[in-house]
Structures are given as structure tokens and as C-alpha cells.
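There are two complexes below, and they share chain A, which is joined by chain B in the first and by chain C in the second.
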Partner chain A sequence: MGDDPGLMTVLLAMFAGAIRVSTPFLFVSLGEMLTEKSGRINLGLEGTLVFGAMSGYAISYHTGSPWLGVLVAGLCGSLFGALHGYLCKLPKVNDIAIGIAMMLFGTGLAFFFGKPYIQPSAPRLPSISFGTWSDHPAVRQALEINPLFLLGIALAIFLWWALKNTRYGLIIRTTGDSAPAALALGIHVDRVRLLSTMAGGFFAGIGGSFLSLYYPGSWTEGLSSGQGLMAVALVIFARWNPIYCFWAALLFGAAGALGPALQSIGISRGYHFFNAAPYILTLLIMIASTSPRRSLKGAPGELSITK
Partner chain B sequence: MAETTEAPGLTVQSGFLSELFDRFRRSAEFVVIPLLALIVSGVLFSIFLLLVGKSPADFFALVWRGGFGTSFSWQNTLVRSAPLIFTALCVAIPARLGLVIIGGEGALVLGGFAAATIAIPMIDWAPAYLLLGVMAIAAMMAGGIWIGIVGALRHYRGVNETIASLLMFYIAVSILNFFVEGALRDPSDPNKPSTKPLGADNMIGVIPGTDVHWGLLIGILLCCALYLLMNRTTFGFAAQIAGGNLRAAQAQGLPVGKLMVISCAIAGACAGLAGFFEVAAIHGKANASLIAGYGFTGILVSFLARHNPLVIVPVAIFLGGIAASGGLVQRRMDLPDATVLVLQGLLFLVILVSETFYGRLSFFRSKGAA
Partner chain C sequence: MSLARTRPGATRAIGVETVGMTKIFGGLTALDDVSIRVASGSFHALLGENGAGKSTLVKCMMGFYQPTRGEMLVNDVQVDVPNPRAATALGIGMVYQHFTLVPSLTAAENLVIARVDTPAVIDWGKERTALNAFLETTPFRVPLDVPVSGLSAGEKQKLEILKQLYLDQRFLILDEPTSVLTPDEADEMLGLLHGMTKAGDLTILMITHKFREVTAYADDVTVLRRGRVVGSGRVEDLSIAEMSRMMIGETDIRESAARTAQPEKKLKLELAGLFADDDEELPAIEAISLKIHAGEILGIAGVSGNGQSELIEVLSGQRLLKDGRIFIDTRPYEPERRQMDRFKVFGFSEEPLRNVAVPRMSVAENMAFRTFDKSPISPFRGWLSPVPMRKKARGLIDAYRVKTPSTEEPIENLSGGNVQRAILARELSGDVDVLIVANPCFGLDFASVAEIRAQIIDQRNKGAAILLVSEDLDEILELADTVAVMSEGRITYQSPMARTDRATIGHAMAGHH
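After this line comes the complex of A and B, so read on.
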């Protein structure tokens, strides 16, 4: 450690924070990526995330098993995805507007049913210690890693491989790039999109359960602060590539950990702006990485936001 | 809709009457479908209430009483409707160009903040009308620039306006908190961090005979003005073309970028005015109470009104009434305050789904014109 304990502490806290904060980003962005690959955008994942956080916490509280909570959160998420996917296939129904409505609906339902769970404390997810080799408590604490983070990495790699190399990946990509072409191949476009949105909702629900069951680790109504929507921007930044989604999620996690890390060494002046860092970063990234003239590399052709 | 040619031959005997009837029947679509959607969402919400073991009849009776039943509840409703009118306009105007702006809350917050901030050095010497005028202009400029940036980013950089406007909301909140808890905090207020209060003499008064401030009337007038702008002027027509088909508009030589930025700036100015009235008529100062969700309910209002400025007024009053009854429902029925959110979300979904029925129900089509 030596000369500059302040900087070391901040960097270590940001590293640990990046891993913790990035996990929900990772899951939601992978879910959003999959949905968008099939040609639809689901802005409702913010609502899914909040409902996942609530349902995961409630199930963990009632059954004593946080992992069951994670599973139920995912299942609830896929129900929301199914609703979104079903409604969007109706003619003249706009997927972005439905997403905004789902955001309101999901958040409302989560707050409605979540009221009794604000006080009690539910069993939380365990973490795996990778830092036993170090005798420094801060390092050890930083290397307490949640299995969901590792699962997220595995999922990112799997999705990257599956989209590229499997039949189902090809079907999803074709549906997302050109619905007429998919139709000509005999693919049920609406069904593929419904299933992709459901799978996306499943991942987002898991991301939500991480928020309530690990970090910050309790259910409150202010739990999510736009992570579900920032994930949409993150997917654009990651160019619809699952591996890039992982790196982007880490970056967002580090930005989100900046405020608390600085506060931990006593820098609190302007912490409102440090807390706003993820939003400012997202906006700057969107400004830097999009262009009005050419379509983005890797963007699904059917996607309404990039057309 | 598309059927402008009248059917000849078949209805010769009573040509005029049947033509009138046909025209009525086709425009009835725009009344009947939203009404049906309201009923369907009412039924779905009743089922939801039954599932959680509450009585829908009690609920709707309480909403009626809390929102529209007495003159007191009417005034409460109207006070809540005023900001909804402004924030709904923030969604409706860009929607004509096909833009979905959901960050009106940010423009509201910054508008209120700008109004309260510019007032600080003026409170002691400026007469009330000058102070309020300067505050209103500051609020409109702050909101207009804020959402105008979103429009500019969309046109010149291709940044998705929906996400950008929401991110800008979070940034606006952090700007408000930074200054209100820091440099601009009024040290004489020990409770909630706030800017220096305007003082009772400088507040906007109420419409005589009511408890409703002038913001409601200004909002209604603004709706009429913007209706005329979007439906009766070259600007509105150009905006409509750009919203219908961007490439066609560009091919026609329409200044699409300018249209987008100006529409967004007008929209942001409307939301900024909402913030101004919240500060100048309700709170008397800027603080975190500005973040009350009016900007987000305004999205729902605008979609329910199908982005028509004139329809926004009754819809805002309707949703303002539901919000006003929230407290009563919460106390009497032991329901969480999020009940209103669930109802709003359901209403939003059903209204969006009802879009699919326009032009597809045979009842509303004129005979033989299909």
C-alpha cells in the first residue's frame, strides 16, 4: 500500500464496487441484448428489474432460500416479458410505448406487493471468498464475489457462442435483421420475438433479485435507479455483442461505485455529481458512439431505435 | 380516416343524411374506442382488486369522492391537474414528430430550480409581477434548453431521445440536489434543504372563489395555443409530415433538424412552466419536493389523449382526480399508495393496445367505401 492509501482505497473500492454494481447491469443488458437481437426493444426491463427484486426478496423471506428467490424473480421476469412480447405483436402497437407502460405497471405492482417486505430481513445470497490469500482486510472484502457475477460471465460467453454458432442463434439473428427474410424461411417471427423477450425478462428478473438479495441487499422502493433503462444504452454501446456487454457492465459498475468510494475516504463535496456519473457516462457514450448517418455496426436491422 | 370517397348509388334516396351519419360514425371511433379502453381497464383493475381481497365498488366510490365528489376534492384535483397539463404537453408536442420524450420530469425540476434561483437576488427589491415574470421566463428557458438538447442530440448525433431524456432527468435531479444542499441552501431553514423562500407576497394567487392557482388557466390556454400551432400553422403541418415520414420530409426540403429542436424546446418550456408554478404557487421555494412524479404521469396523460393538446385538459383532470383520491383510498381501504401506480400502468397498457383497433372495427367504416 505505502505512500498513497487514499488512492489505493478508492481504486480497491471501485474495483470491488465495479464487480458488485455491474452484476445487475450485466444481466439486464444481456436480456435486453437478446430481445433486441430478435428485433424488438423492451424498455419495460426497468419494471421487470424492480419486480424481480421484490419477488426474489419476498420468496427468500418466506422460504428461507435466496436461490429459490432468484429463480422466482427470473420466472416473474419472463411473465412480464411474455406480456410485452404478446402485446407488441398486435398491429399498430408500438414496442417503445408498451415498454414505458410496462415500466410503470411493473414498478407499480412491485411497490404494491412489496409494502410488507420493506421492514423484515430475508436471507441473502452467499458469496465466495477469493481473497483468503491476502492478509489485507480491504483486499479480502473486495474479493468476496457473488456466484451470480460468475454466472453472468458464463451466460455472456454462452450467449456469444450460441448466437454465433447455433441454429437458434441464427434464427434469432435472422428475425432481428429482416422479418420478411425470416418469414420466407418459415420462421414464426412473433413466436421467436416472444420467446426472446421472455428469456430477456428472465435475465432481467435475476438482475433485480441480485439488487435485493446481495447488493445493496434489502428491498426498498428506491432500490433501482434507472439501471433497467441504462442497460438499453449499454447494449447500444456494446454493439449487441454479449462479451462487450460484460465489459460495458463493468465500466458502468465502476462509474456507479465512484461516488460511494470517494465518500468512504471522506470526499463528499460534489458527491451528487459523482453519483450521477453513470448517467453522465451513459449519455456521453451514446453521443460518442451513435451517428445519424450510418447505421451502427452489429445493430439488428428491424430495431426501431436504430432505424 | 382513409375513406374519403362516399359511396354512390346505394344510398341515393337519403344521400345527405347517410353521409352525415357515416361521417359521425367514423369520428365516433375516436370517442368509443378510448371509452371502451377505459371500461376494460376498469374491469381488469376490478379483477385485480378482487384477487387481493378488496372491493372494487368501494374503490371506485372512494375515487369518486376523493377526486370529484365535493367542491373541496374538485379543487384538490384541479391543483394536481395543472402540472399534468404542462408535462403532458412536453410529451405531446415532440410526439407529433414521432419522438417519445419521457424525461419531462427533468425539465420540470430544472425549471422550478431556475425560477427559484433567479428569484433569490430579486426577492428584496423587485415587485411581484416583475419577479414572477422573470421567474417564468427563466423556467421556460431552463426547461426548453434541457429538452431542446435532447432534440438536438437526436437529430445531429442520432442519440435515442427516449433514453437520453430519461438520463437527463437523473442529471437534472443531481444538479438540483447539489445546489439546494450546497451553495444555494437557505441557512434559515433547519428542516429540508431548500432555496430561499419567495415570501407570501410574491406567490401566485388563486383564481377568485377557488383554491386553484392560475397555472390551471394558463395551462388550458397553452393547450389551445399549441393545438392551433400544431394543427393550423405551417410549422405544425411540417412537423406532422416529418413525424409521418422523415425521409419524405427531408426530400421535400423541410428543415427537419430545426423542427425537432424547436418542438423539443417548446415541449421543455412547457414542463419548465410546470416547475415554475410548483415553485411560485405551491412550495414557494425549490427543493426535493419538486420531484413528485408529475413528469411521469404526464406521459400517461399525453398517450391517453393521443397527443392531442385539447384532449389533454380533460385527461389531466381525470388522472389528477385519481391521484387526488390516493390518500383517501390508502386510509379507508388499507391499500398501499402504489395502488394508483398499478391502475395507471394498467390504463396505459390497455390504451396502447386499443390503438390496434382503430380502422379495424367494421362498425365504424362507412358502407361501400372500403
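After this line comes the complex of A and C, so read on.
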């Protein structure tokens, strides 16, 4: 190690933290990105995330299979997405208001069903060791990577490719950018949005299961701390591009890991301040990337915030 | 799409005919026994005022509406068109006035997604080759890899037409296709389409109100008024005067007030080096410097989207000025309410319900926007007195012949012409020193248009300095004393009206100067 083992430790911890903490951000933001690409905003993904965490944990506890928990969390997420998509189809319904209702509904439902699972311990997701080449324990620990993180990268790349190179990708972009044009092409706008919101909910549910089944790795009511909402800011920051979503998620993850990383080398002063780093980052990003004199670039034309 | 299907030369245009087409909405007969015959390979113009039933007719043909009575024939065979998809399957396509392209998709993506048989995974290499081969068979050239939002209006319009050709539509309905194009772009596009009809590749039914385009490109013409066919025939057999009489009917049209000579040339409004950004923070207007004298109408011509709306917004205080000054009577002027009042600056624009009126407030309230904070409507600071407000509104309604059930009617319930008259009454009833007008006659009927233009000339004769921005070149040619052309945010050409002509202005609008 170099002259400053403290700094190295912090950087390594932030790197490890970025990978760990970013996974739920990545999944939720990809889900939100997909939903927004189809022309709707789903603010309910925070509720979906929390419910995914609860349901994944519960299934893992009952069946002993954490992967089944991940799947069920995703399915629950798409049910929430379906409810959002269906409600927004009704006349004079605002997707943002429905999203806020869904957020409260999802968290409330998760707390209601989740009470019995706060105490027991469920089997957790395994990780893959990429650090066996190193004999430094900190490096080895940092390179314990969860398969869901890798799956998230693959998903980001796939979505990026699919939005350009597949019929469904073009249909989603068309629907999100101009509903009249989509209608003129005979596209069922509401159905495309319903399916996109369901897929987005699936991803968010998986993101939630990561929280309870890997890191922090247990079900508590204070588990999410707003990742689902920050993902909305993250999508705007990433300009609706899946690849940028990945980098933005890493950045948010690193910011989230800042507090614990500093604490690990004994700097505990300002711990709560550093823990607030992701929120401060969200604010700064929103301030930097928007302006009263400019409209958002790259935003799908049908979004109710840009209309 | 196989290339064989789009090869040129094959005579594949189709003819369409409507017989006794009638459409009744509730109590309103929008179409009354309309029979038109568009022969295959012909270029047919459909003329009529707003509300004459042109759109209703083509929407029935396209399957958006089901006619109450009447039938449609394609190549002399009776067909049913229950929905737009059925029309597409028959080879009937429509190019709308507003664009139906997806702005964030490239031209290539827009074309491929429009197909019925878009493959699940798109092999762009193969598609690109096929698209280029298809483009070779048409006279139109459009860049394929730029998002549509980055194309010019002319390119978008060409792409709309290309899309229909790509989908193998051989009967095209064009709804005022040149309204967003420069005269040169319009001539190029219509010329190319005319060539395709002559070659027998295409049949065209074009909705328009521009006689110039009818006489230059159409073979036949049908004129609609109040839902009925009031005239039709070969274009070469009809004069413009005859066609316009068919369109307007016996309505009284107010004669334009004679232009009185303005002896003294006193500088009134001066714009000195105005700069402003658009919503993307890109420069929208650059170095706009204009001088307008008392009793002068300065007309700014240009294709929409070249900075005109941003200029109007700057002058009416809706957009921040980045640099430059505005002077009235050589004194600095800031577009804010108190100064507008002091310098007597007024204005109105197209679509008043969107731009200069509050749709759900009453006619009286809308008419009081300039005066509600002054005596007698506001006897004390902050108090509003409805009786004088209504009284003033009644006076204006009579003077400007606004048709409204009462002063308390929400203004959105009035017809377009009456809304514009109400706004005119509000803006023009006092002393006007500076008048800023944008597309004042957009979408109005002939009688309202004549009335509004006469009012503008009246104000000029009374000595107001008038800035008129219009996308309708004919309006500029009729009203302006001096013409300026705006292109890409700059004034690229300026001349007294007496020393210029339509062609010169048209070239300047296209950026050739």
C-alpha cells in the first residue's frame, strides 16, 4: 500500500460500495427509464422497491431459495406496474398523482405484510468472488460482486441496443415521443405504456429484492431511504440513456458509500452529513441540469413534466 | 418492402370518387351530398374556406369518420372504409397539416416503424440499403440519419410524403401541404409531385386556399362552401376571380381602407441589436435591428420557426432579452405593463385563445385586461367595479360587432373570428402609438380577415408604427409599407415594398440573398 493507507481504504471502500449500493439504483432507474420512454412517469417505483424487498425476503425465507425471492419480487413489481398502467389509462387521471398514491400504497402494503419477517433471517443471495488473485483482504472483499450487478449491466446494454434495433424499441420510443404519431401508425398507446410500466415495475422489484437479500441484507422498514425516488432524478441526469443510467447509478452508489467508507477508517465526524451525500447529489444534479430558460433535452415528448 | 413494388414507370395511380357523401354531426350538416371524382393520375385541388367541409370530406375518405350517407369508389369499385387502416390498405394515404413524424427518431427509423411488417430485430445494414434504393425511385432527397427534430420544415414535409410512397400509397391526400414551406420549397415539392402524377405514379387530392398553387399545379378543382360543392371543373377553364367568388359566396367583404400618404417620417419604434435565446438556450434571434416610423407598417416575412415567435415574445415581455435595446420615440423602452401603458404599445396575435386571452374568463373581463387597474373599472387601488367594466365591454362589442350572447359569456365559447374581434376591440379602441401584430388572420374566414386587415390599415393611417410578423406572404404583400425577411434568427433582407416583389422576398425567405 502507498503512503496513505487511509485514503486507499476509503477509495477501495467507495469502489466496493459503489458496486453494492448502485445495484438497486441501476435496476430502478432502468425501469423508470423504460417507463418514461413510453411516455409515462411512475413515481410509485419507491413503493414497488420496498414491496419487492419485503416479498423477496419473505419468499426466500419460506422456500429457502433467494433466487425465487428475486423472481417473485419482480413479479410483484410488475403487478404494481400493471395497476399504475391501468389507472393511468382512465380519462383525466394524472400519472404523477397515481405514482405518489402507488408509492404510499406499496410501502404501506409492504409494512403490513412485512411485520412477521423483521426478526427471522432468510437465506441471502450468493456473490461471485473476482478477487481471488489478490492476497489483500480488502481487495478480495471489494471484489465480492453480486450476480445481480452483472445482470444489471447486461440489462442496461440490452436496453440500449433494443431501443435502437428492435421493433418494440422503436414502438416504445414512438409512443413516448408522440402519441398522435403512434396512433396514426396503429400502435395501441395505452397497451404499450401498460407493458412498459409493468416491465419497469419488474426491474424495480428486482432492485428491491437486492436490498433485502444482499445489501444491507435484511428486511427492515427503513430499508429503502428513497432510492426509488432518487432514481427519477437519476433518469433525468442520464438523459434517458440506459448506458448513462449505469454510470449515474455508480456515481450515486459511490456517494451513498461515502459515509460508511469514512467511518471504516475512523472518521465519524459528519457521518450523517456524508450519509446525506446521495440526496445532496440529487439536488445538485437537478440544479445543474435544469434551467428556467431551457427545456430538458432528450426528454420523451409525451412526458407530463415536459408537456 | 420489395423494390419491385416501388419501381417507377408502372402506371399504378388509383382514382377515387365519392358519391352523395353526407355527414351530419348532431344538428350540424358538415357535408351535404358531396360528389367529387378524382381521376387516376390527376392532381385535384379542393378549395374552400375554413369550416367549408374540406377536412370532413377527406376524413370520411380516410375512414376517420363514417359518412351519414353516400359511398366511395376506388377505381370505380365501391369500397367500405370503416377505419384509417382500411384506407391504407386501399392505397389511400394522407399527409396532415401538422407533422405525424416522431421527432426523436431519425428519418430512417420513422420510415421503418411506419411499415406494417417491421421485423422484430432490425438489420440496419440491410434496411439502409433498401431505403437508399427506394429513395432512388423518388425525386425527393432527405437525410436519413438525422433525428426528425433536426430537419427543416421542407424536409419534414418531404419525409411525410416519402413515408406515404414508402408505404405504397398511390392516392395521396395533402392537407395544406405548403403552409410551413418557403415559396421555393413549395414550388419544388409541388413540382415534383406534379411530375409523378404526370407519369401516372400517383394521384393527388390537395386541400388548399392558395389560388397560385391551384393554377400552377392542379388539373381539376372542386370548391366547397358550407358543406356543399359549389363549383368544379378543369383549372384551365376557371379564372381566379371565379374560383374566389365560388369560395366566398355573397358575403360582404369589407374593402381595405385606402392607404393615406404619410408626409413626415418620424421614427417611432427602434430595435437596436436584439439578441435572445430559445428554450434550448441556443440563439434564437441575433442582432435584430429595425426602425419603424409613425404611420408605417413593417412586415416581417419568413417561414415559421426562424425566430419570429421569439422576437414577438421579446417585444411583449415574455422572453428575456440577452442583449440590445428597444427605443420608442428615442427613449428606452422595457416591455412591462406600466411602460406599455405609457408608450401606448398594443398588440395581438394568432390563436388569441392561446396567446392573448384567458379562455374561461368572460368577454367583459378579457376586454378589460388593459384597463382593469384604472379608473373607472378600478375606482380605488386593488378594487374592481364590475358595472363600468360591463358597460365598457358593451360599447366595444357594439363598435367592433363582436357576436356574443352577453358580456358574461366565457370568451372560449365565441367563434374564432369573434374572439379575434374582441381582442382587436381591447387593443385598438384607445390611442395606439405602437402596434405589434403576429399572424393576425391565421385560421379565420374571409370576412374576418378583411375586417382585421382593414383595422390594421386604419391604425397605420392614424399614425401608429406597426410591426407585422406574418407567415402568410400574401398578407405581407397586401399590408406592409416596408418588408423585412427573417431567416435563422436574423433580418436577411429589407426593402420598401415598392422596390421588391414576391420572388425576391421568397428567395430571401429560403436563405438565398
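Note that in this section the second predicted complex is superposed on the first by the 307 of 307 C-alpha atoms of A that agree within 3 Å, B and C clash if a C-alpha of one lies under 4 Å from a C-alpha of the other, contacts with A are read in each partner's own complex, and residues count from 1 in each chain.
In this section, a residue touches a chain if its C-beta (ideal position, glycine included) is under 8 Å from a C-beta of that chain, and two chains touch if they have at least 3 such contacts.
Just so it is clear, the structure is predicted and the values come from calculations on it, not from any experiment.
Aligning the shared chain A places chain B and chain C next to each other free of steric conflict.
Of the two partner chains, chain C is the only one touched by A:Leu170; chain B is not. Of the two partner chains, chain B is the only one touched by A:Val232; chain C is not.
When chain B and chain C are set side by side, the one touching more residues of chain A is B. In the overlay built on the shared chain, the residue A:Phe112 is in contact with chain B alone; chain C does not reach it.
Applying the stated contact rule after C-alpha superposition, one finds that A:Leu159 touches neither chain B nor chain C. Of the two partner chains placed around the shared chain by superposition, chain C is the only one that A:Ser178 touches, whereas chain B remains out of contact. In the superposition on chain A, contact of A:Met54 is made with neither chain B nor chain C. Smallest inter-chain Cα distance, chain B versus chain C, after superposition on the shared chain: 6 Å. Chain A uses residues 291, 293 to touch chain B in one structure and chain C in the other.
Residues of chain A that touch chain B in their complex: 43, 47, 87, 90-94, 96-98, 100-102, 104-112, 115, 225-226, 229-230, 232-233, 236, 270, 272-273, 275-276, 279-280, 282-283, 286-287, 290-293, 305. Note for the complex: chain A touches chain C at residues 165-168, 170-171, 173-174, 177-178, 180-182, 184-186, 291, 293-295, 297-298, 300-301. Within the complex formed with chain A, the chain B residues making contact are 100, 102, 153, 155-160, 162-164, 166-168, 170-171, 173-175, 177-178, 181, 296, 299-300, 303, 336-346, 348-349, 352-353, 355-356, 358, 360. For chain C in complex with chain A, the touching residues are 84-85, 98, 100-105, 109, 112-114, 118-122, 124, 277, 279-281, 320.
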